[in-house]
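We just call them A, B and C in the order they show up, numbering each chain from 1.
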Amino acid sequence: MLAELTLTLLLLLSPLALGQTQIHQFQYQTDEQFHEELVVRPLAGDHVNTYFQFTTRWHYGVHKNLYHTQLTPRVIAEILQTYDVRELHIGLTQGLWRYETWGYPIVEATGGAELWAWFSSPNLTDDSVNNQWMRLANVFSGILCASLNFVDNTNSIAPKHIFRPQFMESGHRSQQFVRYATLPREIVCTENLTPWKKLLPCGSASGLATLLNSGYVHNTKYHSLGVKVRTLCDSDDPNNCIVELTQTANLVYDLKLLEQSNTDFSLRRLFGMGLNGYCEMANSSKIYVQRNEQGERFQLTPPPQEEVLSKVGGHSVLFGVYDIQQQFEGPGARLFNIAWLGPKGNSKREHMSPPPLYAHRYLLGNGQKHGRIATEVTNTHYEPLPVVLMELVPWYVHAYLHTLRISSKPQHLYEYTTNELKYSLLHYAPGKQRVLPTHLEIGFMLPARSSALITIEVDYLLLKWLEYPPDANHGHYIGSAVISSQLPIGRNYTALPLEGYLFQDSFNASRTAYMLTLRTEALIVSLPTPDFSMPYNVICLACTVVALAFGPIHSVATKLIIVERQTTIPRNLLRKIVHKLTTRFSRRPANSAVNEQQNDEQNGKGKEKEKKKEQEKKQLDQTENKKFCDKQAHM
Amino acid sequence: MLFKALLLVLAIIQISAEEYDTAILPEAYIDAAERSTHTNNWAVLVDASRFWFNYRHVANVLSIYRSVKRLGIPDSQIILMIADDMACNARNPRPGQVYNNANQHINVYGDDVEVDYRGYEVTVENFVRLLTGRTQNGTARSKKLLSDAGSNVLIYLTGHGGDGFLKFQDSEEITSQELADGIQQMWEKKRYNELFFMVDTCQAASLYEKFISPNVLAVASSLVGEDSLSHHVDPSIGVYMIDRYTYYALEFLEKVQPFSKRTIGEFLQVCPKRVCISTVGVRKDLYRRDPMKVPIIDFFGAIRPTRVSTGRINVTLANEEDFTDVAHIQPKKQFKIVVQPQFIAKINK
Amino acid sequence: MWWKTTSVHRASLPSSAIERLSDQPIKTVVHVSIYTQQPERAQLLITELQNAFKDSDFWIVKFKQLPPFAKAAETHTPAALEKLLLQEHPQSEGDFMFIEWPKLEDELLLTTERSALMRSDVTSNKIAQLLHSKILQTYRVNQILSTDERISVKSEAPQPEYDVVISVLNPKPKITNAQWNVALAAQTYIEPFLAQISDISSYTVRTQWKYRVAIEAEMKQVRDQTKLGRHYALQESALPHLLTSIAQNLSGSISDRPVINLVVYIPPCSTGPLHIYNKKNEMLTRDGVDAFISPPWGGFIIANPPESVCLAYMNDEPPQQYYVNTNDNMQVMLDQLHKLLDISNEVQVAGVKTVDIEQLAPRRWEYEAYIRRSAIRHIATASNTLQSLIKLLDQISYIVIDDKVATAIANSHSDILAAKAALLEHRLMNASALAKRAFVFSERGFFDASLLAQLYFPDEQKYAIYIPLFLPVMVPVLSSFNMLRKLLDRKRKVKQP
């Protein structure tokens, strides 16, 4: 309850209350702001985390003002006008965030593409939300050059407990809908970075975004591009709204990959060039450098202009701050660079203690028929933690709820004990082949200093021929699980408070509890895969077999077998049987039946009188035929 | 030729109204007719092959992409289809870069690239839908070929082909009949003015054999019965870099500048048999202009006819001060940001 | 049976009726009335004009003489006379009227309404010429309906919806601190204007600012007599390239509506003021306007910063904040919109003068000519679309035709017929609405996503798959037929003797 109260903490926001030095007043409207921020955090094991955040915040007021954009990209305004979307998150990520050694990231993302959105409007139905959701994904597939158009109802779910809206509505609350989808296979490359940069007011022409060069960005261990849009409306006045667009780029460099001989690095080393200025449209352009923990080892040149000590939940972090706008005051072009000089010689690396909660996921079982999805959540904290886990299992994998087990073990033990944890929350929407994915959410308390293993048994489906992707043997993905929890301490916790929108808003933002979400690894399952070069061969082979079988059957069914009378008694037993059969068979005249049918057809059109005549004639024919056949048979 | 068209128009006007010679045609028409018959340019560039060992096909298509972009076709009018990711492939030692030769002269991927269809989206169905304009409801604007009767369209295909087909993603094929049908449907709906069809694949000439639509100029890297060959291997990535025909085509295009007078006829002579090993096939019978007189930027560049217009409509609806008056704009009311609790409290019990 | 299972559903279509669409030419009825002081003169003009329009392919012009009346002599202004005439003889859309006004300087003077004043000595030839070139715009209709692709225009039929995007480009906001309430400007000028011409298309106006846009064009410095001592020259031939570099930077929209771009470019003082020069090195600036258009893409205005701003820049003073002049730029933009939407008619005829527009709305006759032309264009385009669609559906036999497509085609067809009839019956606005609907339906039918030939089983592939099965199977069947034949032969032989 206390946590709720603090989270609903009221924060008065006015553009100048945040204490930015506004050097330039280029905007005609002061209700639109743009901020660029870069956070550099040295991580354990020669890794460096650089986090870019570009925030455009537009207090647009009335909805019709969305027709006239200045700093906010026009497409975002158009989306707000066309769809009833109130909050939108898109992440495009390559690589895996290592919680145990790197701590928590500032923004969470899962490998591949992930998107979720909140829709809200009076008279909105589930169907119209589904429709809007698909169209929205299509729109962003065009904007960000990603295959987000693969998002549809077969891989989207409506999470029930794990996501809460971060937007604000005015007046009476209309029903809110959320949709969530991941595309774990999605790659992230220059074609995503290019349009992402084009959404910025200065593009890639100036400011911190000039540092994001594709060759350097993609040479990292982890890179994640994010777009977050949310609307905040005055609860008393629906014509007083804010739209907030936050674009983030979270990168983790491995200094060893930069062909570094020592642990020194600099902006130029990381991004290929120094900074050539700031975005003219920005209200603030700042670089934050973490000075304590892993950052303690480094000396900075030039030294930061000021230092900020941020205490969050009993955990303090020291940041050095560079105000880029001040750095570039005065005429003349120059490049700005920050160098981190590590201690000379081989220094002992500080051991990184793992964060309070982390998770892993793997696949158990063998063969291509059954398996078990196992998710392991570890709590290193001295208190029990509440955990909610969400699974999105694609339709080609069947999950069975009755096989769901949560076993636990204390942290120091190796084996899981048989005692099971009780879940206090369960939401399960069974999947449907080719129509719906399986959606599972469970909530439970994870005891202090222990791990929980959540397993569920699954069956792999045999797909239809055309449902296999061109590289079917690569395997099929199961997206990562999403885990959320509430931490009582702020260790390793860097996420922004929801009331704020700048990185500096996280300074000294102490709460009684910290909302945490984690993503696990995605899984690859190899479904039973046929040999695709076979179909035509199979057709030919099967057809030949059918044809071969058809030949004799046809002959037997239509032809008369003529027995030579010379040798009346066959010599051996087999021939005797055959002989017996054929003689019996030949007594039943097959040809007559055919003739009868033909005659019938001809006569069908005739008149009644004629019919009688014909019938007589037919009988005659038949007898004649019989004679004929007999004659033949006995020849 | 163009003047002839102009004269014809004049003649018709004279028929319909006497003493018409004093009338002046709208400027735009003369302008467009003098330059060329097209008003905008589109490019559809397709790499149909997946898998790392087909690196060269991606390099092929990116070479053409680089050229058309450099010569002025905006990204919104280029439809780029790439069936697999080479630049950020884990096997690429130079992430985010694709080169057209082992000496790494040209990074054809560049820093500014927008891929419209990628990975699994590159299918025969999507390609046919793109050409015919019958895209699925809700398809993003950048994934549509919104060409019109004034568009010059460049279509470039590369991949693995055979007599009468081109393989997509190694799992399906587009046949020459389907291609011809697609282009015919474009023509019927007047969705192109002139079309330049380029294909770099084995037996490439078989793909344009069934074309019947007018104003189509086609060039293929090899004749029916011939294989198209790749240029060279880069030992550092272990695969072929680029195909011969596109390599020489890029070499030619790199020398073309936006104001260049080089013609499409010259371009058709690129890659003679001694360097290409295969014979470059050309189909001109559907094309009514002389390729030697058509500037290459008619297809690889983008020139919109423009005309200076300095007129104005003399209406004044408000005083200038009304627009600069800031006093009447009321500052928007600030309000408190209250966000719902983000964690479901039920579990705590 | 197997052939049946692979066959496709094809709804029936009015194919032959659609093919016959082009047999029936599009003819439009137009009423033209003539008022002269002497009724004999009007009579003479009408006879001559009727002769001139007798063989017209597109028009059925009905001339009408307005009898002189007593009050006419009392009027002192043409406007008053016109008002009186209109009271007596009201006009409907698309009609036109010639009023004799002896004191006129020019032979003919076109008003902004549906009328022209004529001098007493005007010949019928001149009137016919005016009707063809200005009112009916015969040459444009000819371009639309021509089957010769060299004559037929490359421009498109008006779409039902457009986005009009006004983009203000300020590439160097650090140097040029330009302020402009462009939203208010658009609401004052562009939106009311577009509201008046939204019979055929509806328009959504949006504005956006773009900063840091790279302009790729060569700009030469030219010495001059101003306080700055120089300006920059932009070659006319470089404009297309300038346009493509700008098109790269204007972000796309999410809808499928075509966009009309109106760009206001604020040159930074480092390359400003900027003026357009032609090949002969002449400055093309006319009363302070430097602008160009490229239909149908849009227009481009160079809004040079005021001298004082650039003077401050040259003296290394801090950038001066200034306001972009709204009235100036909006007047140019309105003119550009007239041209881009193809409403204004720029054909010059000797001896004919046109009254300048002094209100927001376009000239009435110009706008009605545009509606007439658009109706004809919509009918022509829809007919062509339907005909080619029918042709394709006949050619490619394995395309599914679902009921949705069939209804769209049928609706479009009936609307085309109705629109043609409306044009013949002198109901212009009605015809225009019907033609627009026919056009929308035909587009919907043609571009329906279900019309995908590729997904279905082409006959060749059927053979490829079934031949391995049926060829071997046919051998015994054929041989048994052979046997049957022999059998029957023998039977006949047995019967005969």
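The rule is simple: a residue touches a chain if its C-beta (ideal position, glycine included) is under 8 Å from a C-beta of that chain, and two chains touch if they have at least 3 such contacts.
These numbers were taken from a predicted model, which means no experiment stands behind them.
Enquirer: Name the graph shape formed by the protein chains and their touching pairs; answer line, ring, star, complete or other.
Expert: It is complete, because no pair of chains fails to touch.
Enquirer: Closest chain to the overall C-alpha centroid, by per-chain C-alpha centroid: which is it?
Expert: Here the chain at the core of the arrangement is B.
Enquirer: Please identify the chain with the largest separation between its CA centroid and the CA centroid of chain A.
Expert: Centre of mass proxy via C-alpha means gives C as farthest from chain A.
Enquirer: Averaging over Cα atoms per chain, report the distance between chain A and chain B in Å.
Expert: One centre to the other, that is 31 Å.
Enquirer: At what distance in angstrom does the C-alpha mean of chain C lie from that of chain B?
Expert: 25
Enquirer: From the mean C-alpha coordinate of chain A to that of chain C, what's the distance rounded to whole Å?
Expert: Centre separation, chain A to chain C: 44 Å.
Enquirer: By residue number and range, which residues of chain B touch two or more other chains?
Expert: Answer for chain B, listing residues that touch two or more other chains: 140-142.
Enquirer: Among all residues of chain A, which ones touch two or more of the remaining chains?
Expert: Residues 139, 142-143.
Enquirer: Taking each residue of chain C in turn, which ones touch at least two of the other chains?
Expert: Touching at least two other chains: 179-181, 252-255.
Enquirer: For the complex, give me every residue of chain C touching chain B.
Expert: 52, 56, 125-126, 128-129, 132-133, 138-139, 142-143, 146, 148, 150-156, 179-181, 184-185, 188-189, 192, 236, 239-241, 243-245, 247-248, 252-256, 258, 276, 278, 284-287, 289-297, 299, 323, 325-327, 331-332, 334-336, 338-339, 346-350, 356-360, 384-385, 388-389, 391-392, 396, 446-449, 451-455, 458
Enquirer: Using the touch rule from the top, collect the residues of chain B that touch chain C in their complex.
Expert: Per the touch definition, chain B meets chain C at residues 4-5, 8-9, 12-13, 16-20, 22-29, 32, 37-40, 72-76, 124-125, 128-129, 132-137, 140-142, 144, 146, 148-150, 174, 177-178, 181, 184-185, 188-190, 193, 258, 302-318, 320, 322-324.
Enquirer: Using the touch definition up top, name the residues of chain C that touch chain A in the complex.
Expert: Going through chain C, the ones touching chain A are 165, 172-174, 177, 179-183, 186, 204-209, 211-212, 214, 249, 251-255, 316, 321, 465, 468-469, 471-473, 475-477, 480, 483-484, 487, 491, 494.
Enquirer: Report the residues of chain A in contact with chain B in the complex, numbered from low to high.
Expert: Contacts found on chain A: 1, 3-4, 7-8, 10-14, 30-31, 59, 61, 94, 134-135, 138-139, 141-143, 145, 147, 149-150, 161-162, 164-168, 185-191, 194-195, 213-215, 217-219, 232, 234-237, 240, 386-388, 424-425, 443-445, 469-471, 484-486, 498-499, 513, 515, 532.
Enquirer: What residues on chain A touch chain C, complex-wise?
Expert: 24-26, 28, 65, 67-71, 73-75, 78-79, 82, 139, 142-143, 198-199, 201-203, 205-206, 279-281, 331, 539-540, 543-544, 546-548, 550-551, 554-555, 558-559, 591, 594, 625, 628
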